[in-house]
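A, B and C are the chain letters, set down in written order, and residue numbers restart from 1 in every chain.
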Amino acid sequence: MTGIVGYGAYVPRYRIKVEEIAAQWGKDPDTIKNGLLVQEKTVPGMDEDTITISVQAAKYAVQRARIDPQEIGAVYIGSESHPYAVKPSGTVLIDALDIGPDVHVADYEFACKAGTEAMYVAYSLVKAGEMKYAMGIGADTSQGAPGDALEFTASAGGSAFIMGSEKVVVEIEATYSYTTDTADFWRRELRMYPKHGGRFTGEPAYFRHVLGAGRGIMERAGLEAGDFAYAVFHMPNGKFPMKAGRTLGFEKEQIEPGWVVPLMGNTYSGSSPTGFVATLDIAKPGDRILLVSFGSGAGSDAFVFRVTEEIEAVRDLAPSFKSLLEENRIYLNYGEYAKFRGKILMND
Amino acid sequence: MREVAILGVGMTRFGELWEMSLRNMFAEAALAAIDDAGVDHIDSMYVGSMSSGLFVHQEHIAAMLADYLGVAGIPSTRVESACASGGLAVRHALFEVASGASDIVLAGGVEKMTDGADATDALASAADQEYEAFHGITFPGLYAFIANAHMEKYGTTREQLADVAVKNHDHGSMNPRAQFPFKLTRETVMNSTMVAEPLRLLDCSPVTDGAAAVIVASMDVAQKMDRPIVKVIASGAATGAIAMHSRKDPTTIPAVGLAAERAFKQADLTPEKIDVAEVHDCFTIAELVVTEEMGFVELGKSGEAVSAGETRLGGRIPINTSGGLKSKGHPVGASGTAQIIEVVEQLRGDIGERQVEGARIGLTQNMGGSGASCVVHILEGVS
Amino acid sequence: MITPKYTREIPQRYRLEAGRCTGCGYIAFPPRLVCPECDSRDFEKISLTPSGTILTYTVVHVAAEEFSTETPLPIAIIETDDGARLTAQVVDCAPEEVKIGKRVKLMFRCVQREGHSGIHQYGYKAVLED
């Protein structure tokens, strides 16, 4: 059996409400909230970035895995907001957690799918017998352009998963990926904000790949919606994952526990992985969980997870995701948010 | 070792001296000291400066200033101990003369702070760069650490801190060389811009240009000169941990207590015997703590003492009659030497309005950074 | 630029690596060659417990240029639970919440960013324990 032996998620404490951003641009907040099904989003502190978020999530994962970090043989961070264009995020993390130097490190990118691909590669190495433990992380602090629709949802957070074959907490029963060249959302080198194809990001992009991967994995694994306790999908807004889930035959009650976007926003590479961690706050041994990510460009990675008895022993070894998402929130106004996100032209 | 005297003193005024360069300020102060001493040569010189490198990108100033003083050829040494550079430069001149190696030595300090360098950053280099300044603490911030701890432990108040500034400005208003020769009220101090809680702008000594110098001579050379002379009867110096967080009790500055203890022992005196003192009030809290460290007031009682007027001109122990660093200004490397000048002039009895009647024994206390170095001198009026 | 110095300091900044004197138990952070308490030259390598108490603090309003956009900036002297002392920013709270005696956790954050082109300098910061 190979699967997750330790997991952790982290979101910063800062938030900004949809009303604040709407007021800034003269938009009606209720229209936005009803359209996106998002109320507020997480904002990284000025001293936080994809690396610090990954480090914190990874520390929680190590706490739950109860292993010596030195035994981790590979570390992969997937993000679309790595702090450097050239210089890895993963190397900072290994030195922070005292992993290595005999470790393989690579940074991954594929829009919002970068986290699940890091997870997939980490899992595959352990399954192949290459190493005892490998860690895959999805984290982001992505930017939404001022005044653009994405500004209401682009947020910060991430999750880390340590894969192994002993004392597995969540078994990985199946994996499946569905990928094509579809330019729905992109950012050219040296540009600060991405561009997107408007409504083209819906049916031909998100839904084609999420449904393709969802159907593909369920067929491969011989499962149907009723076999799952929870289903988690990439959450660019509140509506897309609900619609995808219902289309695949899932009930609202299966989708809601992992549907953290109304309070978190879209943490890009951290989105579906973090929704998945949210379900682990409450999952019981034997529960099956479906995870389908989506990354523009485009592709989806899918996993079928099965929670084991070990969950009871490790769940409380680190803070619950619910506590991080809902407690001690610090709300910002738009000016503070713009300062935190470096959107103000400084004299430097 | 033979007895040593201060034979001559000289300084520039302190302030934003836009028209003066580092080299010209030092030369002006040095020439004034040489004229005051009436000597026709000097054997060597010591120059104190915290960071000519960071402020004006000039190192090697011991040699440069010997050159600009027209005495290139004599030995010249740069002394650095952050804000204690000026006092420490004098200490080394004392040793050179006391040992018999030289008869007449110039010692002084200079700092040029207004030529555009980031002063907050340069001053923070007196702290632990990697483990204090790296995290954003500033020089005022380090003293604010002391202030908050002192207020928590002893109940020292915001008003008592302000009274140090008020007193020193009262004194400084009588000093024509001071950068800020005007009086202040408690309210003005307490309403000034916040710098590092609880310290406000008027709790902090300013950014200043200036130079100060003294001529140190052996007593027998001095006695031949027919000039007023003041004997140096003790020099005590000490160091302490560089980082504030390494000090056991953040309400104390151990290097000050240690340096003072050594000086009092050498002079065979106690604090009550001191008639006038110049202490290192880089921040109002600093003056409070050092008066406790040196035994002028009981531990924890310095706030009460200043508010009761014990340390003002006319009080039990007049402190900082020059206006202190606060009102007179704080050209970092020069301050220690300027303190000695004030005490020498007090002991000569010719300082004018701010004279302490019958002053015979004076003390100077000069420290670097958040107190990791300290030098204390005790002087006695002879003629 | 300053990468050699920064890289050398990674064990302290990232992992709180210190030296505990085998003679008297004094903890040197950063590690030292000789114990300032008992003169011993023998230390064992430890990592500090990332939690402690605020001994004193200030809120910096006038900061050096690198920190000018972060003011008012609370900074504290912290005594870790294993008895070491260090200076760190206190973040993710209102400045008024910082008080002598409060408990903190040490977190991994970016302490300085070297302009637009230099390196990110990561290290420890304190967060108030709720």
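One rule holds in what follows: contacts are C-beta pairs under 8 Å (C-beta built on N, C-alpha and C of every residue); 3 or more make two chains touch, one makes a residue touch a chain.
For clarity, every value in this text was computed on a predicted model and none was experimentally measured.
Among the pairs B-C and A-C, the greater number of C-beta contacts is found at B-C. Chain nearest the geometric middle of the protein is C, using mean C-alpha positions. Inter-chain centre distance (chain A to chain B, centres taken as mean C-alpha positions): 59 Å. If you average the Cα atoms of chain A and of chain C, the two centres end up 30 Å apart. Not a single residue in chain B touches at least two other chains.
Listed for chain C are residues 70, 89, 111, 125, each touching two or more other chains.
Within the complex, the chain A residues that touch chain C are 12-14, 45-49, 51-52, 55-56, 59, 83-84, 87, 92, 95-96, 98, 327-328, 330, 339, 346, 348. Interface of chain B with chain C (complex): residues 118, 120-121, 124, 128, 130-138, 140-141, 144-149, 152, 193-199, 241, 243-246, 250.
Residue ranges on chain C touching chain A, taken from their complex, read 10, 14-15, 69-70, 89, 91-93, 107-111, 115-116, 119-120, 122, 125, 130.
Listed in rising order, the residues of chain C touching chain B in the complex are 5, 9, 29-30, 36, 55-67, 70, 72-73, 75, 77-78, 85-89, 95, 100, 111-112, 121, 123, 125.
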